[in-house]
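First comes the structure, then the notes that go with it.
A, B, C and D label the chains in the order they appear, each numbered from 1.
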């Protein structure tokens, strides 16, 4: 089989390492980014630079988009300068962005209407997972399209699961963000409690990690809370956007999320307090503020670091 | 060194397998239980039966208590018929119960006042961990006493950590229960959301488990929520007690727990709704009720199972 | 001054008595309703019936809309068959509906673009207030337009306040719905608490009403909670819609509503549980359910009543 | 009937004006206060000063206590130097303090055991109500004792209601504090929302007060929030104590308070943030902090004022 050609739109903190991993796996990758500096890094890694979306997708068998939010995805695929209008007939569009499930469903329909195939395939695992090619990928769409994309997914991810029809990937990602935010908030409250009582917190995290409280969040974020290290990682501002997605989708479906509703407000508070650029483990700073701590000095330290 | 003699008070769902593991590790174990049938199982495993607390502790180098709540511990150690008054001088008291940190501190002082040594050493890991000897044990007290108890702890646990002075074990256990309850509630809301949208939930749990949402709670409770299998395990009624401990201790210390405060109410609701005897994964049933599901039929199924 | 002509669109539980009060105050009122039966009642009261929106607005100096939600307002004012396209030049549009503030702002701009004037003027006070002409009216728009509408407002309301530019009326109404829902939920929890302790609840409501806990909600809903009388009044399904408006608008503006976020979930739960058709005092039934009460029998009683 | 003699223990911000009103109503009042300066004010108003509790109660027909918390009441009534041991046989003890209902029940039993009669009679209405003699009084105890105390209550209160047996007054007061705190928090969130959208907030409060959102809290605290005037009034530190009472009592009775649980945390946060000395309308500052406002400058202004 001839080498597959991939158009990769969105070479940000996640997209660039994913595109590089695709190059490394033997794909021919044409990258496009709104601010073109990022494209140079892809070229250095063996990809090619596209000056427009049309140029990127013209020959592509697979079109990947990795941009921040629902309007961004619409912006790059819809319209006469968008990917859909300029793609090869039968090309496969994979959207790795995290967007609203209903928008994902609508866009998949539009893609099919113009003769394309579509998968919504948001990822979890952060920058580290993107670099190491170990992302979790939750995929919505037709099973045949999922099967056809196996090599592409294998180049960037490790846990790759087909979870249902179009939109299902985004639904699972929404649940992922709900659970992750709540687990971080729970850990943050637990750590604040332990610090207030003066126990050996590093030892405490060790023993908590060995029992039912153990989690990826505790493993990856616990010690960082103790160290007040909130360098991103995944930014609170993006998690705030995602909590908006999951609470709105739950409302739409008649699902009641008492914890989710509160966590969404607590995430919103961190953004309102100026911590939107910190890692989502920065929810700990919200707990500190509620407990009366002045986090200004620590903020300065974090910013400098 | 001569074989250490252990008095084990409280041979319940956790205590009995722990006592058996101590026998298997070569300790001489005299068991006492309020309702004496349980003692027979220990005798069958090679332990001995004590008819009174005094008989159990008379020759013991180590006295272990494993009972439900603060008043229960006070009931077995305080008073002229209690363990403290009848123990050998210098004996080591290890309390594996989950109780209020302030009560643990007070009882440790009383123990020292009568010439005993004391460790608060609550455990995490459930019945399965108790049977397999793989509990996590969070220990508060003097470092020397912790060191002296190494062989005892090794017989029942796997992750064994000294987390600070008297009471610290209970403090860490309180944080553990806070985090576990919140993680369960978050998972329950996520699962309810996924079910409402009709995705492949088993596949979804797999991919969630591979990303940052992964946790012991998801591994152990996720599929059971899908299966509506809420057989205990760790009962909601006990977790309700524990949420009372952590919220009261937080109030005492001036720590603010917005998530913890809400989760405590949601746990309370399951108990008020008659689910106190179910596993704590039964928080999922509370989410269902909030979403308008009639859980009566399922309750019947669970009870029959 | 010649008699002002009013087009009244939306003759529902609120709109019909308001339109009648306008007739009684001497205005010439042409009524339009999607389902035309309601128009007959207006005609009987001295108004006229319009078969289309165009017919209603053709001669109108003032166009009033009173429909359930943002899309309904858009549906009656936008498009070639809508009110804007067919209104007299310079006519004043007053929207008494409760809709999203951002939609109100956008529609006011569209109205001005076609030579109309616009006020957003949602009301509070319920069916009783609509019938007695004692509504509170919170008005957004130009001061001159507010002044020009004085007679119209005086015919239907009692507390009539200009609160700012276009959209401000809806913003204040959103805050109203937030406060009302929270006050009802607080009262419901208080009543459940009092009932659990077996105090004389009617006496308790009397003394609570005399102190700082006193409120319109307590006066109007307290005894009804004790009587389990949840006949609407203002339906939970509509309050659910309104909680969606206020939480979304708060998110947009970076305002954090911890209580509002939770109350929105509790309102959502009543709707999911089938109580959407009850009065919003039916939040009490949600508190009962959380407390383990089977509300099915009471539901039957309420439905029958 | 001879002039009734009253012992008044606790001449604080509430107790002193109440005692003065009793003097003005013709009672003979002997006042006792831990710090004796306050007694001088009572003497100036026509009362007498007692140097000890025993001296105050020796001749008293009625013994009134008005102190901050459960342990304070126990401190003045229990023990050989306490009021119970030194009171006249058959004297009536009225506790106007706000304490735990279960403690009120226990103390009423102790009072009866030594031949006294007892009423728990917490009040609502704040310093203003105490000065003007317009308090709401919620009374638990025997109906005959309530009737016997009519003249005493009439001298200090306006809405005076017997709500049930011993402890019931405290139960109703606990519900009062729950509702008041939630109503304040709801108003605070509403005001923050209105300010963010730049509406005319004074006008908005006027129209809100005319509709279903109207309440004593809105009337008394709304404009003060706009003015950032948080001079007490009723201190957040005391409301924090009271939220502990109502959440614990709800837990005891199996009542689930989702809103109450969250409000208790938000009140706790204001105290942890150093606002415990402000009026409970200072919950608004918590909402501001969650929204990212630096309240330090305002705090300074408030403290200076």
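The rule we apply is simple: contacts are C-beta pairs under 8 Å (C-beta built on N, C-alpha and C of every residue); 3 or more make two chains touch, one makes a residue touch a chain.
For clarity, every value in this text was computed on a predicted model and none was experimentally measured.
Novice: Counting residue numbers used by both copies over all numbers at the interface, does the subunit A-subunit D contact come out same (over half shared) or different (under half)?
Specialist: Mostly same residues: over half of the interface numbers shared.
Novice: Name the chain whose C-alpha centroid is most distant from the C-alpha centroid of subunit D.
Specialist: It is A.
Novice: Taking the mean of the CA coordinates per chain, how far is subunit A from subunit B in Å?
Specialist: Comparing mean C-alpha positions, subunit B is 37 Å from subunit A.
Novice: CA centre of subunit B versus CA centre of subunit C: separation in Å?
Specialist: 51
Novice: Among all residues of subunit C, which ones touch two or more of the remaining chains?
Specialist: Answer for subunit C, listing residues that touch two or more other chains: 254-258, 260, 262, 265-266, 269, 272, 290-292.
Novice: Touching residues of subunit A toward subunit C in the complex: what are they?
Specialist: Subunit A residues touching subunit C: 244, 247-248, 251, 254-258, 260-262, 264-266, 268-269, 271-272.
Novice: So in the complex, the part of subunit C that touches subunit D is made up of which residues?
Specialist: Touching subunit D: residues 101, 124-126, 129, 135-138, 140, 158-164, 167-168, 171-172, 174-176, 178-180, 182-183, 185-187, 189-194, 196-200, 203-204, 206-218, 220, 246, 249-250, 253-260, 262-263, 266, 287, 290-292 of subunit C.
Novice: Quick check on the complex: what are the subunit C residues that touch subunit B?
Specialist: So the residues of subunit C in touch with subunit B come to 258, 262, 265, 269, 272-274, 289-292.
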